[in-house]
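Consider the two complexes below, in which chain A is the common component and chain B and chain C are the respective partners.
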Partner chain A sequence: MSDRTDLLLAIADDELILGWRNSEWTGIAPFLEEDVAFSSIAQNEIGHARALYELAAAELGTTADELAFDREPGEYRSAPLVELRRLEWARTIARHWLYETADEIRLDALKASDDPDIAGLAAKMDREETYHRMHAEMWVDRLLATDEGRTRLIEAIDELWPYALGVLDDELRPELVARAQEKLGRTLPDVEPVPRGAHEAELGELWEEMTMVRRSAPAGAQW
Partner chain B sequence: MLGARAPEESAASESSAVPEAGSAGREASHGQGTIFEVFRQERKGQPFQHAGSVTAPDEAFAEIYAREQYARRQESVALWLVPRDALHEIDEFPDEFEMKYRRVDGYSIKARLAEARERAGTLDMAPGATSE
Partner chain C sequence: MVTADEVWQALAEIPDPEIPVISIVDLGVVKGIEVTDEKVDVEFTPTFMGCPALDTMRLAMEARIAELGATADVHVRLDDSWSTDDITPEGREKLRAAGFAPPAPRPAEPLTLVQLERGLRCPYCGSTSTRLENLFGPTPCRSIRYCDDCRQPFEQFKTI
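Let's turn to the complex of A and B:
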């Protein structure tokens, strides 16, 4: 597998798994408007995953569905940050904001890529991610504005920080540290990143659920 | 706000989509902020029409929520958000003298129209002419 498909699959898997995790709030988000907005963000992420899988699939001679659903859990290249199941709002917002901040840095690098397909798709994704970032930033500002919100958000960010560092490679990571520290006005711990490939146990459970329908139907079933 | 949504809150959010007469200026009953009425324009040049409402803690959240609910499928080219407080509602229109003649429906013109058409020889061309 080329570095190109490896990169595409890493980002696609991030977006698919995070989209799945975010969709777990559908129906139970803190209030109705947030429910709709967060579900819509989840759908966008899955749409990005599909576009990325399609690019990789063209190179590998397979399909987006096969890449999304027919690999074993161990073959996914997602960052453990997106695999964690934390159905608690402060952690959800912390993860959402950490991921979107890292993703912006990654997309900026991809937009400058020599590969026109990758640069084009990155620019297209970024136009939607702008609204995800607005949403994440607003929530972070709002939580930081009260004592309880701040305490809960900072606690969540501290827990997730080593995972957030694992989203980016060594080259881009310092930018994430700089942006996160600036927003929070606080020094974040200098810890070892949780690397890609070090899957969380939760990924297995998610995979079982996510691939259930696909596995129950014979290959090539028409819907 | 951080916990799971209570059923009564969800019901309040949904019912707030259709403001009742005389409710202008009332705060959201579930204490989650301000109700913003949303008007959407489907195509450039067309009038903005009331689409519904969103409840949000402030204008920035209202913008995000309105984008997601009324424009994410490219069904609008522009949105107006107006805090319900800012609307001046009028809902009393006295009609003490039943001045029906001021309205088009105050006149029964069906029979007269038929007569006129008969005179002009265009009765067959009138819509629904055969059933009358």
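Let's turn to the complex of A and C:
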């Protein structure tokens, strides 16, 4: 597999799995606006995953659906940050903001790619991600504005920080540290990143649920 | 033999599957039509990438072109070639008349929350005392706003 395909799959897997996690708020978010927001963000992320899988599939001679659903859990290249199941609001916001901040840095690098397909797709994704970032920043500001919100958010960010570092390659990490520290006005712990491929057990559960329908249907079924 | 103009006219009759007051040509997602022999090449660019209406639009274009006696080859572009700035003036007016605030122009710099929180015109009463209620709405392309004058919630097409 080429480095290009490996990169496309890593990003596609991040977007698919996070999209799935975000969709878990559909129907149960703390209030209706957030139910709508996380459902919409999930839809966008899964749309991005599909486009990225299509680019990878063209190179591998397969299809986007096969890449999304027919691999074993251990074959996904997602960052453990997106695999974590977090049914608590401050942690959801912490993950959302950490991921979107890292994703912006990654997209900026991809938009400058020599590969026109990758640069074009990254520019398109970034238009939609702008709304995700505004939403995440709005929530971070809202939580930082009260003592309880700040305490809960900082605790969640400290816990998730090694995972956030694992979303990016070595050369892009310093930018994430700089942006996160600037926004929070504090120094984040100097820790080892949780690397891509070190899957959390939670991915297995998600995979079981996500692929259940496809695995139960005859091979070659059209959706 | 079908001409490109006839294809444009035919596609202009296809409504947007989610906002049927405007056509897919009003929406600006048809980037180009080229007719060669009996084949019609259509350059199509998605609005939002996760939009479930995209496949519906592609199938509708193929069916409409088949009715003209030609075979369609719809090429989907996955790049930054669509903006809400591409919605035609007629399309914007149809949106407004149906209660959707048309999108604000795409700014040169990345969009900010401050820009979106500015009072844009209510499509019902024309007041600019409106506010952003939610960045996200019932479909990926819409935000929810509220008019403090006529007290009507309304949807706005997100600027992309």
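Just a few scattered comments:
By definition in this document, the second predicted complex is superposed on the first by the 221 of 223 C-alpha atoms of A that agree within 3 Å, B and C clash if a C-alpha of one lies under 4 Å from a C-alpha of the other, contacts with A are read in each partner's own complex, and residues count from 1 in each chain.
Keep in mind that, in the parts below, a contact is a pair of C-beta atoms (placed from the backbone, for glycine too) under 8 Å apart; a residue touches a chain by one contact, two chains touch by 3 or more.
Computed from a predicted model, the values in this text were never measured in an experiment.
When both complexes are overlaid on chain A, chain B and chain C end up clashing with each other.
When the shared chain is aligned, chain C comes close enough to touch A:Asp117, but chain B does not. By the touch criterion stated above, A:Met125 is placed in contact with chain C alone, chain B being left untouched.
In the overlay built on the shared chain, the residue A:Ala37 is in contact with chain B and with chain C. Set against each other, chain B and chain C differ in how many residues of chain A they touch, and the higher count belongs to C. By the document's definition of touching, both partners, chain B and chain C, reach A:His135. After overlaying the two complexes on the shared chain, residue contacts for A:Leu55 are found with chain C alone; chain B is out of touch. Judged by the touch definition given at the top, the superposed model places A:Gly47 against chain C, while chain B stays out of reach. By the touch criterion defined above, A:Ala145 lies against neither chain B nor chain C after alignment on the C-alpha atoms of chain A. Common to the chain B and chain C contact sets on chain A are residues 33, 36-37, 40, 131, 134-135, 138.
The part of chain A that touches chain C in the complex is made up of residues 33, 36-37, 39-41, 43-48, 50-51, 54-55, 117, 120-121, 123-128, 130-131, 134-135, 137-138. Residues of chain C that touch chain A in their complex: 46, 48-51, 77-81, 83, 110-113, 116, 133-140, 144, 158, 160.
Considering their complex, residues 28-37, 40, 89-90, 131, 134-135, 138, 142, 152 of chain A touch chain B.
By the touch criterion stated above, chain B contacts chain A in their complex at residues 1-5, 9-10, 13-14, 30, 32, 54-57, 60-61, 64-65, 67-69, 72.
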